[in-house]
Structure formats: structure tokens, C-alpha cells
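One chain, subunit A, links the two complexes that follow: it is found with subunit B in the first and with subunit C in the second.
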Partner chain A sequence: MNAVAATLGGPASRAARRRRRSEAAGTAAMFYPAFALVAAVSFFPLFYAIRQSLHRADYLELGGFVGLRNFITLFATGGGLHFLSVSLLFVAGTLALAVPLGIGLALLLARPIRFRTAFRLVLAFPWVVSELVTGYLWMWFYDGRLGPLADLFSRFGLANPLSDPHTALAGVVLASSWRAYPLVMIFTLAALQTVPVDVQEAARLDTLNEWQRLRYVTLPLIRSSVLVALVLTTLHSFNSVTLVLAMTGGGPVGATDVLGMRVFSEAFQFYRMDVACTIAVVIFGLNILASAAFIRVLRGQPE
Partner chain B sequence: MSAGRRARTRRGVADVVTYAALLLACGFVLLPIVWALSTSVKLPQEIHAGPHWWPHAPTLHNYLGGALGAKFQRYIANSLLVAAATLALSVGLAVHAAYAVARRRFFGKNVLLFLIWATIMIPGVSVVVPLYTLSVDVGLYDTYAVLVLVYAAWLIPTLIWLLRGFVAAIPPSLEEAALVDGCTKLRAFYLVVLPLLRPGLGAAAVLVFVTIWNDFLIGFALTLSDEHRLLQVGLQAFVTEGGIDWGPMMAATIFALLPAGLLFTFLQRAFIQGVTGGAVKG
Partner chain C sequence: MITRRSVAFGGGAGAFAMAARPAIAEARAIEVWSLESPGDGNVVARAIAHVVKGFEAVHPGVELKITSMPWQQLSPTLLRASRARRVPDVAMFYSPDLPVQIDARTVMPLTGFMTDWPEDKRADILRLRQAQDAAGVIYGLPWQVRTSGLFYRADLLEKVGRQPPRTLAEWSDAAAAAQGGDVVGMALGFNPGAASVAAGWFLTTQLGLGAGVLKADGSPDFASPQAERIVQWVFEQVHGRNPPTLPLDVALQDGEKEHDLFSARRLVFLPSSSDRHPRLLAQSGLPFEAIGMTRYPTDDAAVPAPALVQSWNLTIPIGAKSPDLAWEFIDHWTSTAEQVEGCRIAGFVPARRSALQDPFFDAPQARIIRFATEYAADHPMHFDFPVNTSALYDTWVRMFGRVLNQELDARGGLQWAEADYAQRRRG
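Up next is the complex of A and B:
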């Protein structure tokens, strides 16, 4: 069809074709530069990390090919399972505190209350505090000699929760939840605004009490947004490095050594780039697995 | 009658519980911040005199010496400079790409768009070590340029996502009218579409600024010298082998959380649009 038009067409159609072609070039010029930058800075390093994880490293130079030996070493003798279980505990702890807190506060803020804007502002605030600042604020708050809780801690025979291997992870998890719950709260609040007023009204007329309305009407309607917030919180806390780096550096005696922290200490403290990249690839792989699982769960949701 | 009163009492109790719970939560949020604020206006002797909330002899010494000292000023200037350059580069590229995505068809659109958005799933910690090695290899380690390139590339996928929505909300008839009036397509984009994207660009700017102001990972991994050090990395320099000088450190900490906090307080809507869009990157 196009060919026919081209052979039969006079100057007008040739001009149209030229216009179309220059337009396509214009569109390409609008999109491809952004793609090129993203590909260079996101994909290329990822391939580099995967390649390095299959080789030995000689400081910054790529060493000999070792297949999967880096991964085997990591999990057999390199403490990989320990880092992984600390990471999972960190994520589980953060979720266990941040999710109920975020949803609960959103439900309270959705009630007809006074000073709602002020409450929402204060309660969402930790969301904009950086991980490093969060870490330092809590580290100083926990201080066992000069902090406001020093008396309380000493009564339990604790110098400082962060310096005791039994309590350090809990201390970091509390700080992590402080920063994580506002995201859950904001997503839940946004979802609550989409619950139609007449649905709530109908539920009230059906003489459901407040708890029943929550359980059978509101929560099912906001479930998918809450799930998205849960997914984001899981991935954020799993990939988080800075908070642990600020508060404990992975210690004491490895009690808070999450995978992400380990990438940093292997790379920038011990200069073992092969080990660092191996852990980085493990983190990436687990992200992909978790995302795939979450997508399946979200697909199964109504709506 | 008594049923009505009971219902009213029950609502009264529920209100009391609501306010109590909200105030308790506010306490949880504010205690570490207020404690830092209190510390930041105390001199060392007062800090070491044991914990107390109300400072006896408040002073701005820590701010003037620590948070606003020459070194720290340089870090602040660096963060602002990198944020401004990244803003220009990332939003400049993303707004064009978002327009092409929302309005045009081009070769490989769906695949390339999927690839761009897939990079949101790549956690920063997985690529930061290769970025360090590569930046040393190509001679960009410890420069402003590498910071700007990496931040821009990390922000662009989210910015395209964010801005595409804003472009789609503009009726195409406006551009068509401009074309009828003899505008070229590119001019129609700059003169008609771009001005209407202002709220989207505002949300994008907030996202870029807060991301860079708050980021530690990239600044830590890709720079070394004071000359190129960003604010958050500079904050870490208060932690030394000899211990931590808490007064100046808390002053600097308060200062570091202030700009993002103020933006959030006054621009909540742009903020929530920008940062929920950006909440995805780990």
C-alpha cells in the first residue's frame, strides 16, 4: 500500500514522507538520550557486578574465572547465611512494627478529628529524614551515659542497646521502623480517601459497629494499596545500608551485619571487590525473586 | 434515649483513645528530634553534666562552629550544586522522554520503556561497588560529574513515570491548535505543553532535591576529597576514632534535616506526588 502510494504519489506525498521521517527522528531524539544514560549507569554496572562475582578480584582488576566458587565460599565459610538471616530479621522486625503502626495511625487520622493537618504533618515527618540522620538521632538518643534513657538502660544492666549483641538489632529495627511507618501511613491514607462515602454510609445503616465496618468494609477495599506499601517497605529495608552503617557498622560481633552493610565493608574496608560483588548479586537476585512473588500476589488481588 | 447516650459516651471514649494514641505517636516521632535540638544548643560541659531535656545555658556556638563552619558550608554548597546540575540534566532528559512516551510512537517503545522502568528494581547497593570501580577506571572518581551522572540516571526512570502522567493529563487539542496556527511540533511542545507541566516539574524538582540532599551511598562511594564531598557524607566525618563531639554533630544533624523538612511542611502536595513516585527506588 505504501509502496503503491510512493510510486504513484507526486511531490506532495514525498514531502509528507519526508515530514514523517523527520518527525520520527525528532521523537527518537527526545527519548533515546534518557535511555542511553540509564542503560550506561544502571545496566552496565549490573553486568559488571555479575561478571565480577564469577571471577577473582585483584583489587580493582578482574582476576581469573572461578565459576560459582565465590557464591559457594560465601555461604559455606564466608558467613553468608548469617548475613542473610540478620537481613531477614531486620526486615521482619521493621515490617512487624511499621505496618501496624502505619495502618493504625492512618485509620485514626481518617476519623473526624481536630488538628488533623498538624497531626498528619508531624506523623509523616520521619519520612523526609535521611537514613544517616535517622541513625545519628537514635544513636544519640540511646546513648548509655549521656542519653535520656541512660537511667532506664542501667536499671536493666545495659550500657547501651547498640553495644550489646543481644539488643543491637532491636535498637536498629526501632530506628528503621521510625523512618519506615510514614510510607505505610501515607499509602493507607490515600487509599482510605478512595473508599466511597455511600459504601461507608450503607455499612453504618446496616448497623455494623465500627470494628465490623473496619474488618468487612474498609480493610478489603484498601488491601491492594496496603500491599504495595508493604512490598516497598520490605524492599527498602532489605536494601538498606546507611542506617546500619551509621548506627553500628554491622557490629557488635556481627549482630547487625545485614547483607547491604557487608557489601560496603567488603568493598571499602577490606577491598575485596569479588566478595562485595558476590553479595551485591545475591541481594539483586533476592530482589528479583521477592518482586516476582509480590507481583503474583498482587495479580491475585481483586481490583 | 439511654441507647443514644450510650452511643454518645462510646463515641466520646473512642475520641479520647484516638487523641491519646495520636499524641503518643507524635511523642515517638518527636523525642529523638527534640533531644537532638536540646543537645545542639548545649556546650560540652553541659552535655557531660548528665542527661536533661531543658538546656540551662542555651548557645548557638555549635551551629556557628560546627554546622555553619567553613568545611560544612562547602559540603552544603556541593550538595546544592550537584542537586542543581542533576535537576537540569535529569528533568531535561526526562521531560522530553515523557512527552515522546505519552504522545508519540517510536521504534522499540514498549521494550525500551520496560527496560527503563525495570532499572527501578535494581537496588543501589547492588551497583554501587561496580560504579566505584568503573568511575576509577574512566577517571571520573571524586568529581562532580560522576555524582551528577549517577543521580540523574537513577532519577530518570521515576521522573519519566511521574511526568508522563502530567503530559497525559493535558488535552492534545491544545497542541493541535498550535499546529494549525503554524507552530512546528517541537515549538508546540516548548511553547504550549511545557508551561502547562509546571506542577509536574515542581514535583520532579522536589524529588530530585530531596533525593540528593538525603543520599549517603553514592556520595560516600564515589567521592573522597573535601572539595567534592556532599552534606550527608560530611556529617559522617563527625564520627572519628577519638569519639563523637555530640554538640556540633547534633547541630549539623538538625541542619541537615531542616531543608527537606521545610519543603515537606510547605509543599506537601508536590512532595507527596514527587516522593511517592520516587518511593520505589531502594
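Up next is the complex of A and C:
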């Protein structure tokens, strides 16, 4: 026992302890400021929003506690179900277009084609364009009277799709997908670089055709990266405000009234901070649910 | 000889001077929140730059710090700043946003400052209802005014032998006659993204037809026969004519797109505000005589809709560091001389009656300003704007969207709007 204690208390172990302490201090010195910063810019507003959603609001002042009444009102008479369904359609539509397009283009760009770098740059371009510019660009594109396709539109008797409640959401989804697909493409392209060449060769020797190689070899190997892109695109689409604000303002007839847009309008146009925070909390919940679902899928994948 | 006492005295004096220096410097600088930066190239920015230069010339040593932000952000930003007690000395607001600031108690009354003015100077300036509380206390003074009305293409009307319309029937008839090809008869953008022009037109036309709109307690009174008549009239312009005088896509697009249509010479009638005239002229390239402006029609040729007057106002937020200096700035900007210059540079309607004595207003290029001034003076609007006018306007444009897409008829739409607004209104 004494020998052990002597060994533990020896100069070597003291040095090791000092080193561990110093490492722990270094870790803490890097972690806690970062944590404090994240907490300040993320958790505090989140906490504020949750607290406000459970209270009445007098402009920015916190009113009386109302429990879940704001949520009940939102979904009973405040149009919450409509905003939610428009948001789900918007997100689903964006994913349905952006994900296959992004993966497809990545598969094409992974091949040894001429001007591949130039194509990659051009196809990644929508990602660097701001949402506001994307919105105005597509709005102009759709304009059936002054836009570049005005003549074509008038020949077919078409008006601006953004002015028709039956087509407006599709119009915004198309613009959103245009901006979202490069992220999926870049993630997929990066993942494709990691697929071992010998695995592809082995599949080819096993006489798998191109589709079978994609289906059974490539896609399972890049699934994690695609899922991460999917999570990011989902979160981004749920939080989207600028695109809708620029293109339709939520109209016509509420056809593009996504949850994010409502948060903006209720907070900064109508000064109903309680309603805005309630919707923001709903969006947060949806984001958590979507992320959890994707992570579950990710964890469930075969090793 | 340097003694300990002299060192202590010198140090104390130095410390006092250092402490006092920022206070003095702060007192000679005022921060102004503006919708434009003086460095921007447009006419409004040029008008603001002129005011800043003039103020600094007569107040040497006073520095004006202009912080510009998108105009829609001015009001929510002051609410936040007020809570954080980091307000500017002067903040400007568009008149529909003022009731919110008054209700939230973020701006201070100006009535006390105005008592220093001579009686004629007090009586000379325009006082908007939206800039006052229920007791008539003034919280904001206008630095530019605009009157809403109906822009029209005078050349196109002349070609088809029509006069500027005085009734709704004349309006739809003139629009039908003058439109053709890719030229649309009229534009009214019932879009929640930019609701104020279309909803403002709906408000004034209702009042012109004698509707109440809101009850004394502020609750909605929308389902009047007059309102139904207007909604039905709009519906007929969209669905009751072939070709429509107001195509559905134009009826539902936002106000800026309507202006683009007019600027592209593809529109006969455009409801808008008088301050847009210089821009419409410049962007369309039309000759001066080709763009006219008339009063909003009703059903009675002799009784136009009342004039919807809006303004950009200067306020002093509660907690401002230098309220007296801020007032001097407001006094300067609302002076007759500066008002004339603003009109000359940017086509504003002056906020002071005395400005109209300037020979500039006799010139042909001031025709629209004269029209706007006379319309506002002859047919003032008597309407107590609710605290949250944005919600009222938003409800109306959504209602029009539903009616024009044939989800609801005119009466059903108005009843829906009543229920919707009753739930959203404040107070």
C-alpha cells in the first residue's frame, strides 16, 4: 500500500497530474468562452422566446403568464395549422427538388468530364447568392408582364405564377430549391471522393450495372454526408423568411405564408411579440423533430 | 515650487476636465435615425444632405451622426432600443408607425417645445392625427408630406377622349377605353408584402362613400353597404370585364411592381402618393404633361374621397441625451426655408403652409405638389387611425385576395375581415 502510495505520489505521477491539470485548464479556457458566446447568442434568445410564448406581451414588455394559451389560440383560431401545412409543403418541396438534383449533379461532376472544375464552380453559384437577391431574381423571372419570359407567358395565356394562389408556393419552392441544391451537391461530391476506387472496381467485377453500383455501393457509402446536407437544408427551409418576404410577402391569399414569414410579420409589422415567439418556438420544435428523425436514420444505417 | 497640494489640485482638475470632456462633446453631437443616409444618391437623400449641411452651418461645433436603416425597421428598432435605453436623439417615423410609438411611450411630447414658437409658426405647420394622442398632444412633426391620389396617363386618356375620372364608373370606363395591347387599365396591389397603397385607397374610398370603417371603440365596422359596393366594384374589374381592366395577377402583386408597370408605360391608372411623381417621370421617360394626378373617385362626381395624407415625422425618443439640441434640429428641418428646399429637391409636399408662398410653387414642375396640397386642404380625412394600422391594412388586402380568388363573395369577405381584425387589433 505504502509502495503504491509512494508510486502515485512520486515525481512522475505529480508531473502527469500537473500535465492533466494544465490540459484541463487549457480545455476549459477554450471551451467556456466559446460556450458562453454560444449561450449568449443562441440560448438566451431561445430562452427569451420560450418564456415570451408563455406570457402576454405589451410590445417588447413581458405581460402576465398565460401558460399554453398562446399555442392553443395559434392553432385554434390564429391560422397555425395553415402556416404549419404551408411550411411543411415548402420544406418537403424544397427537399424533393434540391436533394435529387444535388445528388444527380454531384454524380455527374464526379465523372472525368471536360471543364469539370468550371461546371462545379458554375453549379455551386446559387449557394453564394443571397436569399434576397435570389428572391428578386426569381420574381423578375416569373414576371409575366415585364420579365424575360413575358412574351412566352403571354403566348400561353399565363400570368405571373406568384400571383396565383394555386401556383405561388410551387414558384417559391422552385426558387428555394435553386438556392438549396448546391449544398447537397457539394456535400455529395465531397463524399464521393471518399468512396474507395477498389470497392467500385470490385462491384464492376461482380457484373453490377451502373444503377446497381449506385444503388448498392455508392449511395450507402455516402449516406451520412447526404443526410447531413438533408438536415441542414431542412433547418434552413423551416427558418426561411427572406425569400418568401421578397417574392410574395406571404401572399397571395396566404398561399406562401410559411411559419418563418409569420414570425417576421407578427414581430416587426404587427408588434405581437407573444404570437411571434409562439410561432418561433413551434419552428424550433419542428427543427428539433426533423433533426432527431434524421439522426435516428443516420444511426440506424449499417456499418 | 511643486508641492504635494499643487500636484493633487492639478490632478483633480485634470481628472475633472477628462470627466467633463466627453459630456461636453456628447452635448454637441446628436444622433439621428433616418430612412436614408445623406450620402445616398436619390432625391430623398439629397434633401436630407441639404438639411444636415444647413444645420451644421448654423450650429458650428455640433456634429450630426446620421444612422440610416430600412424604413420598415425604424419603428421596431426604436422599440428595442428604448427597452435597452440606447436611443438616438432624433428618430424619424412614417406616420402609420407613430401611433405604435406613442402607445408604447417611446417618444416624448413636442407640445412643450412648440410653445416657444410664435402663434403663427405653430398654426402654420401641418398636424397629422397619427402624430397626436387622444388628448391632442403632439409627438412628431412632419419633415415631408405626401397625399395619395390617382396617377393617370394623360396622353392615353386624351387619345380616347376621356377626362380624369371623378366616379368609380368613370374610372372603370376610362380604364377600359385606354387599355389595350400590353397596356393594363388599372393597378391595385392587394399583396400583404406591400399593403399600404391598396388598403389606403380602400380606406379613403369607404370614407368618401360615407362608411364608418371603425366604431368609436376601435372595433371593426367593415360590413357596410359602401364597403361591399367597393369590393364588388374591384371584383368586377377583375372578373366582370373582358379583357379585365384589372387583371388578377396585377391585382395581387405588390405595390412596387405596380410602379414598375407604370414606369414601363404599361399602365393607365396607378393609385400612389404624390412624392412618387419625380421618380415616375424619371423612370418612365414620359414628358411632364403625360402624367397627371387626380383625386380618388367615389360614386358622386362632386364629392371625392378624402385625401389620405401621410408624412415622415421627426420625434425625440424618451431618454435622448440632448433633447434640446434635438429640438433645434427639428426646428431647423421644419422651418419654411428648409421645407421649400425639400420640395424643390425631392418633390415633397411642404409641411408648412407658408412655404407655398415661394415662387417655386407657381412653376409648372410644382403642378403635382400644388394638386396634392389643395386636395389635402379641400378634402381632409377625418379618421382615427388605430394603433396598429398595419394589421388593419393586412386584413383588408388578405380579404381582397380571398374575394378576387372567389373563395368568398364581397359580403362574406367583409365579414371574414371583421372577425380577423377583431382578433388582431390592439386596445
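By definition in this document, the second predicted complex is superposed on the first by the 264 of 303 C-alpha atoms of A that agree within 3 Å, B and C clash if a C-alpha of one lies under 4 Å from a C-alpha of the other, contacts with A are read in each partner's own complex, and residues count from 1 in each chain.
What we mean here is this: contacts are C-beta pairs under 8 Å (C-beta built on N, C-alpha and C of every residue); 3 or more make two chains touch, one makes a residue touch a chain.
The structure displayed is predicted, hence computed values, not measured ones.
Colleague: Identify whether subunit B and subunit C fit side by side or clash on subunit A in the overlaid structures.
Modeller: Clash.
Colleague: Per the contact definition in the header, classify A:Ala49: touching subunit B only (first), subunit C only (second), both, or neither.
Modeller: first
Colleague: Per the overlay, which chain contacts more subunit A residues, subunit B or subunit C?
Modeller: On the superposition, B touches more of the residues of subunit A.
Colleague: Of the two partner chains, subunit B (first) and subunit C (second), which one does A:Leu60 touch, if any: first, second, both, or neither?
Modeller: A:Leu60: touches subunit B and subunit C.
Colleague: Identify the partner contact of A:Ala267: answer first if only subunit B is touched, second if only subunit C is, both if each is, neither if none is.
Modeller: In the superposition, A:Ala267 contacts both subunit B and subunit C.
Colleague: What is the contact status of A:Val297 with respect to subunit B (first) and subunit C (second): first, second, both, or neither?
Modeller: neither
Colleague: Between subunit B (first) and subunit C (second), which, if any, makes contact with A:Val241: first, second, both or neither?
Modeller: first
Colleague: First (subunit B), second (subunit C), both or neither: which does A:Ala76 touch?
Modeller: neither
Colleague: Output check: A:Ala202 vs subunit B and subunit C. Expected answer is one of first, second, both, neither. What do you get?
Modeller: Neither partner.
Colleague: Could you say whether A:Leu146 touches subunit B, subunit C, both of them, or neither, answering first, second, both or neither?
Modeller: After superposing on A, A:Leu146 lies in contact with both subunit B and subunit C.
Colleague: Looking only at the overlay on chain A, choose which of 6-14, 114-122, 132-140 or 186-194 in subunit B hits subunit C.
Modeller: 132-140
Colleague: Take the contacts of subunit A with subunit B and those with subunit C, and give the residues found in both.
Modeller: Touching subunit B in the first complex and subunit C in the second, residues 60, 143, 146, 245, 267-268 of subunit A appear in both lists.
Colleague: Per the contact definition, I'd like the list of subunit C residues that touch subunit A in the complex.
Modeller: 72-73, 76, 79-80, 83, 100, 103-104, 182, 184, 190-194, 247-254, 257, 260-261, 264, 266, 388, 390-391, 394, 397-398, 401-402, 405, 407, 423-424, 426
Colleague: Going by the contact rule set out above, which residues of subunit A touch subunit C in the complex?
Modeller: 58-61, 77-78, 143-146, 154, 159-160, 162-165, 245, 248-254, 265, 267-272
Colleague: What residues of subunit B sit close enough to touch subunit A in their complex?
Modeller: That would be residues 14-15, 18-19, 21-22, 25-26, 28-33, 35-36, 39, 47-48, 50-51, 53, 93-94, 96-97, 99-101, 104-107, 109, 112, 115-116, 119, 121-134, 136-137, 149-150, 152-154, 156-157, 160, 185-186, 210, 213-217, 220-221, 232, 235-236, 246, 249-250, 253, 256-257, 260-261, 263-265, 268, 271-272, 275-276, 279-280, 282 of subunit B.
Colleague: Taking the touch rule as given, give the residues of subunit A at its contact with subunit B in the complex, in rising order.
Modeller: Against subunit B, the touching part of subunit A is residues 23-24, 26-31, 33-35, 37-46, 48-49, 52, 60, 101, 104-105, 108-109, 111, 113, 119, 121-133, 136-138, 140-141, 143, 146-148, 150-151, 178, 183, 186-187, 190, 210, 232, 235-236, 238-242, 245-246, 260, 263-264, 267-268, 273, 276-277, 280-281, 283-284, 287-288, 291.
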